[in-house]
Structure formats: structure tokens, C-alpha cells
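Note that the chains take the letters A, B, C, D and E in the order they are written out, and that residue 1 is the start of every chain.
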Amino acid sequence: MDLSSAFSTIVAELPAIFSMTVVGLVGLVLIVVDAYRNDHPAIPWLGAAALAAASVWEVTQLGAPADTVFFETLRTGGFVAFINLIVLLTGLATTLLSIPYLNQLRHDYGEVYALILYATVGMIMLGSSNNMISIFLGLETMSVCLYVLTGLIREDEGAVESALKYFLLGAFSTGFFLYGIALMYGATGTMVLPEMAAADLATTSTQLLFWGGFALFLVGFFFKVSAAPFHMWTPDVYQGAPTPLTGYMSTATKAAAFAALILVLVHAVPGGEWQLVLAAVAVLTMVMGNVMALAQTNVKRLLAYSSIAHAGYVLVGLAAGTQAGYAGALFYLLVYAVMNIGAFGVMALLEWDGKEGREQTLSSLAGIADRRPILGTTMGVFMFSLIGFPPLGGFAGKYFVFAPAVEAGLTWLVVIGVLMSALSAYYYLRVVYVFWMQSAAEVEATNPVTEAAFPPATRMAMGTLVVCAVALVVLGIFFGGVLETTAGFFEASAMAAAP
Amino acid sequence: MAAPPMFFLLATVAVAAALGMLIARNPVSSALWLVLNLFCIAGLYLTLNASFIGVIQILVYAGAIMVLFLFVIMLLNLSALPELESLDWARIGGFAVGLVLLSQLLYVVALELDLGVEPVSGEMAAQVGSAATLGEILFTRYAVHLQVAGILLLAATVGAVLLAQRRFE
Amino acid sequence: MNIPYLTSLVIFLPAFGALLTLFLRRATAIRWTALATTTATFVLSIGLFTGYDPTVSTAQAPQLVDIWAEWLPEAFDVKYFVGIDGLSLLLVMLTTLLGPIVVLSSWTYIQEKQKGYYALLLLLQTGITGVFTSFDLFLFYIFFELTLIPMYFIIGIWGGKERIYAAVKFVIYTLVGSLLMLVGILYLGYAAGEAVNSGIFTTDWYTLLEYNVPLATQGWLFAVFAFSFAIKVPLFPVHTWLPDAHVQAPTGGSVILAGVLLKMGTYGLLRFCLPFFPNVAQSYAGLFAVIAVIGIIYGALVARVQDDAKSLVAYSSISHLGFVVLGLFAFTPEAMQGAVIQMINHGLSTGALFLLVGMLYERRHTRMMDDYGGLATAVPILTTFMIISVLASAGLPGLNGFVGEFLILLGAFQSTVIDSPVLIAFATTGVILAAVYLLHMVYRTFFGELTEAANAQMADLNAREFGLMVPLIVLMFVLGFYPTPFLQQTAPTTDFLLETVEEKRMAIEAQANDEPTTAETPRKVPSAPLEAEEVSIDLPDETP
Amino acid sequence: MDVALNWYLALSAVLFTIGTLGVLFRRNAIVVLMSVELMLNAVNLTLVAFSQSMGDPSGQMLVFFSIAVAAAEAAVGLAIVIAIFRSKVTVDITEINLFKH
Amino acid sequence: MSSAPLLRLVLLLPLVGAIVNGVAPLFVEDLRTREGLLGTIGTAVVAVPFVIACYLFVTFGGEPVVANYFQWMAAGDLELAFAYRIDELSLIMTLVVTGVGGIIHFYSIGYMHGDPGYWRFFAYLNLFIFAMLNLVLANNLPVLFLGWEGVGLCSYLLIGFWYTDLSNSTAANKAFIVNRVGDFAFLVAMFLIFRELGGLSFDVILAQGPALPEATLNWIIFLLFVGATGKSAQIPLFVWLPDAMAGPTPVSALIHAATMVTSGLYLLARLSALVLGAPVVMALIAIVGGATALMAATIAIAQNDIKRVLAYSTVSQLGYMFMAAGVGAFFVSVFHLVTHAFFKACLFLGSGSVIHGMEEVEHDLEERGHDTSDFDPQDMRTMGGLGAYMPSTRTTYLLATLAISGIPLTAGFFSKDEILFKAFEYGYSGGETYAMIVWIVGVITAILTAFYMMRSYMLTFEGTPRWPLADQAEPHESPSSMTGPLWALGILSMVGGFIGLPAVIQDGKWNWIHHYLGAKYGGPVAEASVQGHVPLALEWGLILLSSVIAVGTVYYAWRVYTAQGLAYDAVLKRRFRGLYQTWADTYYWDDFYDQVVVDTLINGISRKGLAAFDDKIVDGAVNGVADAAQNASGLLRRVQTGIVQNYALALALGAALVVGLMLAGI
């Protein structure tokens, strides 16, 4: 292809990456603005506006048919729009929740919002990849931004330590991930996902190459979604990272990474050979996440283990390897994003030690719901949703990842899943009862909370949490439409349209 | 593909340099060993007729990245850290895992490798690896990616500044 | 009277009331709203009673149906499907009746965080009513779980000293069972969909009823369903959450818990376990009968040595629910109807007992029987109500408890499925033991001399308390002397269930005989499922 | 006679493993970082080998981006190391264990 | 007027009375002291049914009338209605219940005067009558059971009537629970009957029951008999009855002597057609009856509480009735039931009058500043010579004593003699050896009965007063509202026996009760008694024997107690040494139950066994699982060392595993 015709194609197809463009450009603008008007209060709102505008755009794209743009490097259509929507909305919520949190720290963090936008760009690329290079680049863009965001509060030992751990392990896993891509590339001779599926793995050694490469490739993803045994960074990093950004990390990252994984599974390796691996990792993840969460006293650490466990549930849906499984997993990602953003958001607004909540034990929050009923109520909703109680989104999500697994004959896996869910109730309920049922006097909190220590809960932040909670109720009752949408992405006809 | 003597020479030096990096106690030595290794790899790229990547390798890796490393090592005035003396479980496990991983990788890539297609000719390879070919693809098919890579680098820059700048007092 | 969407209205009116209370500030307004909502719901539910015609067969569909089929995507034949049949009618009525009673009983008992309390109470009622009216297994499950959340808070916030332990235990215990049941539901839904619903996952009760679950899978499906419901009932030995929950819960919570929440377990057994898995249900009927009898005797004996009046009543529930389970697994019309009516009876009499113990607690802030004694002199009306409730609970003829127990035991004695008169005779010892522990409570609490001044000054029932007790007491007599109208409403449905069970059992046995167990079908790997238009599922030959 | 592709791959595997061992054994954060760079390089070698052997440029495209990423990672990584050195006055990663269990 | 509506009135009036007396004063405190009104209503609702019952009795046409009022429950094959039956047996029972009941109600008006629970008392009594009428009029077993449990409930309420004294409530609980043991057997019997016959109505049972196989019948009758032992205080379930004397005396008279305790017997009589098909159980019934009669009689000798003597006497007499039932002579036991109702009610009411008088003494003593903490108004040892103060009571008590002792021509003579005769005859001509044993036991019991009854009379009314300050504190005769009923019952005790003159007179033509009931409730011995399988001379001989026994024993007791008074008890004690103490301690039955049964069950099995098991094992397992999970979590957490290289190692290991797993799967 020659350069001139390529340019016109690129321009013509630019609307397909509207979100990426808007978010990326506004990110650049923010840096410039921050450079001249350090810490201008409008910066976060500008970022939020970009995310909101992109979200609106993606909503209109939900029904779009699947297609590829930019010479088969990126995908468009409902699936992409859905994932982008999750990413953008979590980004938006994070931005809104970060404002009071970062104001409390009284430092100029204008760049933070720009970095959120950059990470979002990476995630969007990841979630709309159609070839391995897009995946790699998206993943790394996202990761690098997140390394920085983790270590944001550089005065704090914990934050920097988290960043270091995250970074070192992330880079380490990138090595495996890249190796995996290289081997798959070697076996198929292509980087484009559907072409990989079409490639003829005629000889034993190409098969070995391909599947060995795919295994290493999975390792990279397992790391990003914090599946066991690649999860060990998660608690340490989540605990040290600034709380609202932890929420962002645990949701948007997972959504984008899982989306890319689904794209690979669907387009590049549509067979079921990986079922056992996914199922085994799912089991390990669910067990490790839930069991280790049991004994946690720090809320953020607890939520970190919980997010590990939830990655396991999504993997159950993927392990099913059916349309319904993928659709359920997508739905689960949406629900999970809403509830986890909410849970971390609540914790962000209840953080009082100025050390990213790392000394904040559960018992110090005893009876907090009496003083902050809205936070208490929304936290209750998030926790019950995380357990998987109807009629909240968490239940519907679990139902639609477990159901396909049963259909695919993985009943044993689902049994483990539900047992672990039951176990998880123990620690989630602990949060609820600490919030609602204990009084500070009762538990003799070692580190008593003073009212002044809380970040000022802005209207917007509270509003975000309430919206999340309401969204969970709505998703828990009227999930039909959403599910139908996600299922639509994987229908044979929709897939056939893609090259 | 290269002639055997050239390859084996470069390969031997590369492995030796890598081991040197692994074993050297002083971080500066490690860095220098790594630079040697990177040069060897660049050489290997050239034996593969991948001229563009070979040049990039030297420019970016050896020229930029490793300088950055050395700069930071100097800046922090790091001396050699005492390495672990005894063979603890982590070390034994590390060796074991490394061995397993290596054997798996070798099993996958090296034994009776048969891609089912003939390797392309040297000329063709040279054309594929040339700056022209790669540049064209980069500015057409991967134009968006290039922009994103730019964002990535910008983010890294901003992030590096954010993280490394001195605290406000 | 023909109100559209009556069933849904009865289900969701309390939830609407709960929403309303959230916007109210004054405690009085909240209480009155709660009372008004529950009362209105009860009045509406009378419409259900009159609107339900037992002579019309419910074999194809329940009556007073509301359906919304577009709830889920087409790949799932899951509907919002509520209605009334003979099984649900009385339990719904009981729920709606207890609604205002519980609100009234909490009128002064609950002093803190009233908004939350009444909102949760109303939400709870919606959940329970939903459970009893759902004709879709998925919907049933949602309502089934929905009841846990409000109950968790009610116990945990307004409960006694060990409230958190009790609340968490309650939730997790139930959750373990119900989540396993969820797996069963999923499996059953796909299997049934494959067999009788042109490949579409289904949880429609009537569609599932058409599906003859193969013997091989019946075992473990029955096990997970029954396990879940057994916890809810609760059956020995998975009962220990109950005493904790009851003792710690505030009065209103205990009343709901004993009155209707436990019935969800027995209801579930009857509605799902028996008709879906008739062969296994019948072959394990003996086991369940034994467990039920153990529960009857065990619960009674442990109840006898409790020092806490509420704990005593709680263990008595274990004993009483044992009768219900025994009745269910007898597979005779007498026992089954007895079980249904006994669910109601237990709700009335044990509910009344909890209310009365709660009234004592409200006055003296202790539930230890040793702290009382001689109350009959101080509070004659309360004493009278207590004795009536105790007698009803002990199964005295002329009061409601007898009707249920008599029918259950009579039926179980005839049962060819259990076929062990000796076992039933053991169960019958429950009537002795009931007298032993209940009279013991009356004896310790109400008789003797008034020794403590605080007891002597205790006020008798006020108008509110009197008013909330009267309906229960009156119903105890009505059901004791003239249960016919209620039995008539349930008879066609229990008959239908029994017939269905028998027909299906025969059919499945025939099926099993026709096709001797085929060689194990290879487990299918979902290869390229995206290309496949129709989703096929494999039925692994798993034996329990 | 040319060296067969699998020799390049084997070499890459060996280098990758050495990099892995470096990550696993070295206590100096910067050396760990260097080991990661070695790993990436090893992979790059594989990619280039495949790419040149098959005459497909996309492999080298990935290498190009991989080098960009490596640069970005190095920048961020070293910044983090500087930040941690400021607060802890060490780059020994075994001593950076504030968070555990 | 047809009988069904009238029957409804008979049944409902007592219920109405119970509700009016029970509910209104509960809420309106002023009503509680309106004794006249309460008493009148209470008595009227029993008296009117008596009158109606008389009318029904007179107009009864010989065919049973069944009144179906409304359906009770229906499920499956079970169709149960509130159905009542008027026939010979139920009419006689109704007459006794309402008649004797009415008299006792009337008596209570005076007796309960001043009691704060006056209203409750009448409510309970009326409720009792209602329940008892249900019991005797029922046309199916469940309705009978309704009455059966109902009377048990009333008995419970009335025994614990003075609930402020915990010992009364203990007795009440004991009565209820022991009765429940019997009820349990009754229930199982019902289930068995339904299983075999598919119905519980007497029409069905009586028509089809006798055709059942003997083994089944044995079980049914055995279970029913166990039920009857509970209600009718037979071994081993008699223990509640003596304690039941804790209730007000009219209650003892009505419930624990005249009516309720006989319901077990009524049940057997009602189902006599079936009982006859179970000869093994019949023998058991006779033996248990005989043993009970003998045992209770011996205990009665050694009791000092006047009401306890009467209580054991009741147990003993009930044993007598069961003996009759055991030899198939159901109508005879009904006969004895009727006469027993007369004289035992009279005795109890008389004792009530005495207690009334002694309480007066107690009051008197209290007012005089005498320490009365040891004073027991029911203890015969502190009585003596009361005849002088209470002539009416004394005379009626004496009449009843003579009747129960079987002095010729009194009511007790005829009925008791008939029982002995039937037993003898069943053994003699029926060839059942156990009947002969029963006869011998009966004779011995008759001797004992005459003795202890005379003893109680002598110790109470004759001799010199033995209470403290006897010359100052004086009891007075009870008011006429109390002595009136005494006289009525006393006279009935004298003449009541003439409804069943023995066969030797007019060849049995004057044996009215035999003709009335014998055909249906007579069994094989019914015919015999008329036709005379036994030579007339032998029968005369037997009559003579019992006369001699009765008169002789009464005379003997009169003589020794006139001569020695209370001191003769000491003689008895010396003469029977160990035995006497055993009697006084009621053969240690209570100790056995308390220590072995109750203690084992409650403290042993329930508290130390099951409750601990529940807490430690069942709940412990649950908590153990929770703890185990928590511990596992604590253990697993250690993997998370915080050192990044360990994490990297795990990552690499995981990678190796994933690659291995994947390659293995290919």
C-alpha cells in the first residue's frame, strides 16, 4: 500500500477511534494546561468531560456491527464499544472520586488526570485489538501509566514500594507475554488474530510453538487480571496505591485485559484446547483469592484479594468457551467494574490516615455507617453485590458466568465457584457488619477515627457512588437487555461479519 | 541467515555477557556486560539481514537506555549489594524453575523445528528488514500505533518526572 | 373483585412502602407507613384468597398469574412468572397477615434506626411473598436469596449481644446451601431445556415438570436442592444457625423467621424437590423421615433444657418443622395436606410465642426464664394468650397445631413410601415432648409466686399488643375447629403434586428400564462453539 | 551453509532464561531491571529471527514497538528506583517489604 | 323435637358458659367478684344440659342417633366431621357427667366462695364439662380425642388452679404430661385403625373392626389400653392422680373421681366389640386392673392425707373397673363407673367440707397466735371427732364409705359384686384362669377397701379432736349449698345400685343396666349372667361372701379404730413392717419416675447429652469449619512474603505450569 492512499484511509476511519482520539488529545491538552496553570481546578473536569463525551459516543456504537479498521489492526463494533464504555465510565468515576481524595493530599496532581486518560487510551487499544501488536502496545501503554499512578504519592514509602513491585513484576510478566506472542507469530506467521486461527498448524513443531506460545501469552494476561498464581503483586500494590486509582486499576485494567483475552480466544484460538488451563487457573484463583481474603483486616487488602477471586469467576465463564460464556463474562466485567469502583470509592472517602489506607484496619471503621449513612448504604450494596446476592448485579453476573460453564460440562468448576462464593460472604459480611453493626466502643478501635480526618465528600463523589449502587440494583433486576447486547456480540452471524 | 562461525561467535559472546551481567556483583559491571550483550544481539540482527532493527537496537538500547541505567547508578552512587550467601529455598526453586522453563522453551523452539515453510532468501530478507519496508508499514498500517507509542513515551516522561522529582518542602 | 396484577401488587407493595419510608424523616410517619402498607397488602391478599378457585385445576398454570417473558434474553427461557396455587395461597396469606402484626410488635420495641428497620422489614416481606408465588425457578431463587439481606441486617443491627455471630452464621449457612442449589438449577435448566424446551435453558416450573430427570442425575440434583432446603427448614444436623438467629433477632425478626422464613425450606422441598426428582425423593424418603423424626425428638429434648425462653421456642421450631418434613416425605395426601396446613399452624403458634416472649422481653429486658415466675398474677391476659399459644403449639385438639400434626402423622403412618409405623410412632412421641418443654416454660415463667418486684409491676398487654395478638389467637381456634376452607384450597394442588410425582416416577423408571445405562458418553469439548448455531450440551453420566 | 532458525531460537531461549534468573536472584533493583531488558531482548531476537525467516515484516514491527516500550519502562522504572532510594536509601528489593501477608 | 338440635344445645351450653365465665372477667375486673352471677351461669349451663339429657334419655328409641354438625378436616381418604352419637352408653355417660357435674358445680358455688380465681374456676369447670361431653358423645375417635385432650387440659388447669404454689403447678404438669404419654398411644392406635379400616368413625370401626386379624386387634387394643391407663390412672401411669389432689376439692370430685378418670374405661367399653377380639390384651387389661386395684388399695391404707386416701381409692376402684373390662363385662364396669361416680364424688365433696372446716380451724388458730406452719388441714392425724361439729358431712361421708365398702344393698355392693361375679364366672365357666386370679385379687381388694375407707372415716369423724387447742378452735358445718349436694350424692350412693340388681333376683329381669347395655357392651359374659351358666347357688354364695367380707371388715375397722384411734396405725405399721413403709411411699413409683425416667431424660440425655452434643459437636463442627477456613487463610497468607522476588518466582513457576499443562493437553 502506498502512503498517500493510506493516509486518506486513515482519515476516513478516524471516527472509528473517536474515543481514543478524544481522550488522547485531551490528555495532551491537560499536560499543557498543567504546565502553564499548575493544578488548575478545571483540569479534572476537562478530563471528565472527555471521558463523558467518549462514553456518549460509545453508547451510540453499541449496536454497530463488528468490523476492523486501520488495515485490520483494530476492531470496532458493539463488543469494542461495550468494553470501551466500561473503561471510560470507570475512568470517569475514578476521576470524580479522585478529586476530593487528591485535594485532601494538597499536592498538585494535574498530571494524574492526564495519566488516567493515557491509561484509558491504552485500554481502549487493548480492548479493540485485532492483532498482537495492538494488544502489546495497548497493554504496555496502560501498564506504564498505571505504574506511575501507583507510585503517585512519592513521599510515601508504601506507594513507591507498591509501584516498584508492580513495575518489576509487570515488566517480568511482559517478557513472558512477549515471548508468547513471538512463538505464536512464529507458528502462524501472522500477527492478525483471525489469521492466526486460519493458519494451518500442520506440523507438530508448529503446534508446539503455537500452544507453548499461547501458554506464555496467557501468563501475561493472567498477570494483568491477577489470576493465581500470578496474582501475588495484587494485594501489595492495591494496598499501597492511592485508593481511587486502586479502584481504577482493579476494574478498567481487568475489563480491558479480559476483553483482549476474549478477542484472542474467540478469534485466534477458537478451539477448546485451553479449557483445562483456564479452568485450573480459575480454580486456583478463586480458592487463593477467597481463602486469603478471610483473614485480612485491612479493607483495601481485603478488596484486593476479593478482586483476585472475581478474576477467577470471570475465568469460569471464559473456560466454558461458548458464546454464552463470553457474553456472561462481559456482563460480569461490567457489573464487577461498577461494584469495585464503588467499593474502593467508599474506602477512598473514608480514608483518614493519609497513608493510602494501609494502617486502616477494619475495626477502626466500626459503626461508621451511622455517621456516613450514604457511604454505609452504598458500601452495603457493593458488598452484597460482590457476594452475589440477588437482586443485585453481582448475582446476575455470577449467574451468567456459571450457567455457561455448567452448560459446557464444567459443573465441578461451578461447584467450586459457588462454594468459594459462600466463603467470600464471610469477609464481605465482615465489612458490612463493621460498618453497620459494631460501635467504635465495642471493638475498642486502636486507631480511632476523627471526623476531620475524612476527605471532604464532594457532591459529585457521593453522586458517583449512589449512581454505582443504583446501577447495581438495576443491573440486578433488569439485566436482560444488557445480556442480550453482550450475547449479540458473539452470535455466529456477528462474528462472521468480521474478516 | 548467518554463516555458522559468525553466529556462534556472537552467540557465545552474548551468552557470556548475559552470564556476566547475572554474576557481576557491581551494578556498573552488570550494566556494561549488558551493553556487550546488546551489541552482540544487534550483530545477530545484522546476520539476519534485519538492518533497521539492528541499528535501532544500538541507538536506542545501547545508546540511550543503557546510558540512562548507568546514569542512575552513578546518581544513586550504588555499590555492590551483598548477594545471598547460602542456597536458600528461593534460590533452589529459582534454579529449578529456570531449568524447567528453559527445557520447555528449548523443547518448543529448538528440537526438530519444522515450520513447514522454507525460509525466505537472503535478499528478500534484507528487503523485509530494511528501513524502507518497515517505515512504510509503520506509517500506514501502524500509524495509530505510532501515535499511541508516542503517548506511551509521553506518559513515561511525565511519569518519570512525577516520580523522580524532589518533594516539595 | 378483579384487580389486575393482584399477585404482583401483593408482592411489591411492601417494597414500594420500603422505598417510601426512605423519604420520611419522622419515626412516627415511618411506622404508620409501614403499618399502612402491610395492612393494605393483607387486604389485597384477601383478594387472592377469594380470587383463587380451587375447583379450577392448576395443573397447567397457576391462577392470578402475572408473566413477563421478556425479562431475559431469548437464550434463556426465564420469566417473571408469579401466580397462586393451592400451595402458595395459604403461605402468602400467612406472610401478609404477619406483616402488620410484626410491624405492630416492633412499634415500641425498636427504638433506634427505625427507618432502616421498617424498610428492611417491608423488603423482607416482598422477598418472602415472592418466594411463595414464583413459578419460575430462577425468580424463586432471586426471592429466596433476597430474604437473606434484610434478615441479616435485622438480626445484626437490632439483635442481642451475639447478634453479629448469629447474623453471619445465618447468612453463610443458608448461602452454602442455596449456592449449591444454584448449580443444580443451572444444570437442571439446561438439561430440561435440551429435553423438553427445544434446547432453550428453562426454569419455568411447569416446563421443568414435564422433564423426566434421568435417574443418573436425579441423585445429586436432589441432593443439592434438598440440602439447601434442609438448611432453611432447618433439619437436623444443619440446624444450629436457627437457635442463634432466633435468640439474637429482635422480636419482629424472630416472628418472621419462625413464621414464614423457615417455611421457604419446606415449601421448596414440596414445590421442587418432590415433583422434580420423584424417584430419588421416594427412595430417600426413609432417610428424610428418619432425619425428621430425629429432629422432632432432638429438638424437643434440647428445647427442654434451655434456660432462655426464646431459645426454647427456637428449638421447638426444629421439632415442629420435623413434622412438616415427615409429612412431605410420606407421599400420602393426608400427610401432605397436613404438612401444608402445619406450615401455617407453626407460623401462627410459634409466631405468637415469639411475640409473647418478645413482649416479656420488652418489659423486663431478659429472656431467662429464671428471671420470671408467677407472672400469671401480674399479667393475666398475656398469660392466657401464652397458654393458648403453647397449647396450640403442643398440638392440643381444637387448636390449630393438632390438625396439622394429626394429618401428618396419620398420613405418614399409612405411607407406603416410608412404610415404617414404628418410626411414625417415634415421631408421635413429639406430642409428649412438646408438652414437656412447653409446659415447662409456662411453669417456670408464669406460675409460682411473684418474687421479684419488677415482675409484679409488669403491665399487662396494652391495646396495641392485644390487637396484634387477637388475630393469631382467633386463627388458632378457627384452624383448630374449622380448617376445612383452608384444606379445600390446598387439596387440588397437593393431589396434583402427588399424581405428578407418581406419574413421573413411573415414567422415569420405565425410561431407565428401556435404556439400560448406555456407555459413558464422552465429555464433549466445546470445539468451535461460536460457529455452531445451536448450543448443545452434554449430559455427563454422573451418579451421585 | 546458514545457521538454522532453531539455533537463533535456542540462543534466545537461553538468554531469556538467564534474564529470568537475573530477576529471580539479583537483589539490586536496577540489575533486576536490566535482567528484564535482557529478557525483552531475547524475545526480540526470536521475533526478528522468525520475521526474517518468513519474510514477514510485522514481527519486526513488534520489535520496534517493544524497544519503544522498553525505553518507556526503563524511564519509569528508574524513576521509581530513584523515588524509592530517596525514601529508603536502598535499592535492595528484599528490604522493600512493607506490605505483606 | 329431634335429638340433634337438642344435643347441640347440650354440647354448646357448657362451652358458652366457659367462654362467658372465662373471657368477660379476664378483661372486666369488676366481674371477677360477682360470684353469684358467675356461679349461677356456671351451674346453669350444666344443669340445663342435664335436663335435656334426661329428656333424650327418656325419648331414646334404641337406635343410635348420629348428628353430623360440620366437617372438621378432610384430606385424602380421611373425612372427619364433628359427629356425635346418641346411644345407650353415651346417654348414661352424659347423664353422669351432667348430673354429677351439675351437683358439683352447685357445691362449688359455696366451696369456692371468696377465691380470687372464682371466675376462672367456673370457666374451667364448664370447659371441662364441654370437653367431657365431647368425649362421651363423639361418634369418631378424633372428636373423642378432642374431648380426651380437652379434659386433660382442664384437669391441668384445675390442678394448677392455685398456681402461686409451685407444687400445684408441678402436679398439674405431671398430670398433663403423664396423660400425654397415654394420648400418644391413643394417637398411634388411631393411626393404626385408620390404616386398617380407612375410617375413624365408630360406625366404621364397630362394623368392620371385629373382622380384623387378631394380631392387629391386639395392637390396636393394646395401644388404646395404654391410652386408657394414662387417663384412668392405671399402672404404670397412675402416678399423676394422687398429686392431682392439689386442685380444689370439687375438681377432685368431678374430674379425678367421677368423670374424667373413667374415660379410659369408657373408651374400652365403646370399642368393646374390638376388645373382645383381642383376648391377650384383655387378659392384660384385667391383670393390670387387678394389680392397680390391689396396689392402690394397699397404698391407701398407709396414707394420712384424707384426699390422698380417696385418690388412691379412686385408682383402686378404677382398677376394679378395668378388671371388669378385662373379663369382658364392660357394662358392669360402666355400672361400677356410675355408682363410683356417686359415692366417690360424695366422699370427695365430703372431704372438701372437712377441709373447709379444718381451714376454719387453721384460721382460728392463726388468729389466736398459734403457729400454724405445720398445720395441714388435710391431714387426718390432726382431725378426729369432726362428726360432732359437722353432722351432715359425717353422715353423708359414712353413707358413701359404706357404699364403697360394699355393704349390702348400697350402690357399691351391687356393682362391685357384679364385677367379682363376672370375673369368677369368666374364670369358672369361661375357662380363663387369669379371671380367677383377678377374682381373688378383687376379693382381697374389697377387704382392703372396706378397711381403709372405714379407717378414713373413723380417723376423721370419730374419736376426739386432735388439732391444737381443740377445746377453743372449732370447725363448723358447711353451708347448705355444700351439704345439699352431699346429701344428694349420699342418697344416690345408697340407691344407685338398684339399676343393676344381680341375676339372682327375679332371674335378672330387674337388672336394668344389663338389659340396657348388656347386649352391646356385655361380651360373652353378658348372656351368662342372665342365663346362669353358673349355678344359682354359687352366685348366692358369692353374694354372701362379698357381703360377709364387707360387713366383717367394716366392723373390724370400726372396732379397732374406736378402740385405739390413731394408735392403730402404729400397730399396722408394726405388723406389716417393711410393707407398710413401701405403701406409705407408694411403692416408690414417684421416686422411680423422678430419678430414673425424668432425671435420665432431662438431665442425662437432654442436658448432658443432646444439648452438649448440639453445642459441641453439631455446632462445633460448623464453627470448626469456619475456624479451619480462617486458619487456612492465615497459613496461606504467609506465601505473601512481601518480597518481590518470591512473587516473581511464583510467577515463573506458574508460567512453567501453564506451559506444561497446555503442552500436556495438546
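Quick notes on this one:
The rule is short, and it goes like this: a residue touches a chain if its C-beta (ideal position, glycine included) is under 8 Å from a C-beta of that chain, and two chains touch if they have at least 3 such contacts.
What you are looking at is a predicted structure, and each value in this text was computed from that prediction instead of being measured.
If you take chain B and chain C together, the chains in touch with both are A, E.
The minimal number of chain-to-chain contact steps leading from chain A to chain C is 1. Steps from chain A to chain B, taking the shortest chain of touch contacts, total 1. Seen from the C-alpha centroid of chain C, the farthest chain centroid is that of B. Using the mean of the Cα atoms as each chain's centre, the chain most removed from chain D is E. Of all chain pairs in this entry, the one linked by the most C-beta contacts is B-D.
Chain geometry summary: the mean Cα position of chain A and that of chain D are 26 Å apart. Between chain C and chain E the centroid-to-centroid distance comes to 39 Å (mean Cα coordinates, whole Å). One finds 97 Å separating the Cα centroids of chain D and chain E. One finds 102 Å separating the Cα centroids of chain B and chain E. Chain E has residues 626, 637, 640, 642, 644-646, 648-649, 652-653, 655, 659, 663 in contact with two or more other chains. Each of residues 9, 16, 19-20, 23-25, 27, 33, 46, 51, 54, 56, 58, 61, 65, 69, 72-73, 76, 80-81, 83, 86, 93, 96-100 in chain D touches at least two other chains.
Those residues of chain B in touch with two or more other chains are numbered 90, 94, 97-98, 101, 104-105, 107-109, 111, 113, 115, 117, 142, 145, 149, 152, 155-156, 159-160, 162-164, 167. Contact between chains, per the stated criterion, is found for A-B, A-C, A-D, A-E, B-D, B-E, C-E, D-E. Residues 1-22, 24-28, 30-31, 33-35, 37-38, 41, 44-46, 48-49, 51-58, 60-61, 63-65, 67-76, 78-83, 85-86, 91-92 of chain D touch chain B in their complex. Interface of chain B with chain A (complex): residues 104-105, 107-109, 111-117, 136, 139-145, 147-149, 151-152, 154-156, 158-160, 162-165, 167-168.
Those residues of chain A lying in contact with chain C across their complex are 266, 270-273, 275, 320-324, 384, 387-391, 395, 399, 402-403, 406-409, 411, 414-415, 418-419, 421-422, 425-426, 429-430, 432-433, 436-438, 478-480, 483-484, 487, 490, 492, 495. Those residues of chain B that touch chain D in the shared complex are 1-4, 7-8, 11, 14-15, 18-19, 21-22, 27, 30-31, 34, 37-38, 41, 44-45, 47-50, 52-53, 56-57, 60-61, 64-65, 68-69, 72-73, 75-76, 78, 81, 83-84, 90-91, 94-95, 97-98, 101-102, 105-106, 109-111, 113, 115, 117, 119-120, 124-125, 128-129, 133-134, 137-138, 142, 145, 149, 152-153, 155-157, 159-164, 166-167. Every residue of chain B that touches chain E in the complex is listed here, in rising order: 90, 93-94, 97-98, 100-101, 104, 107-108.
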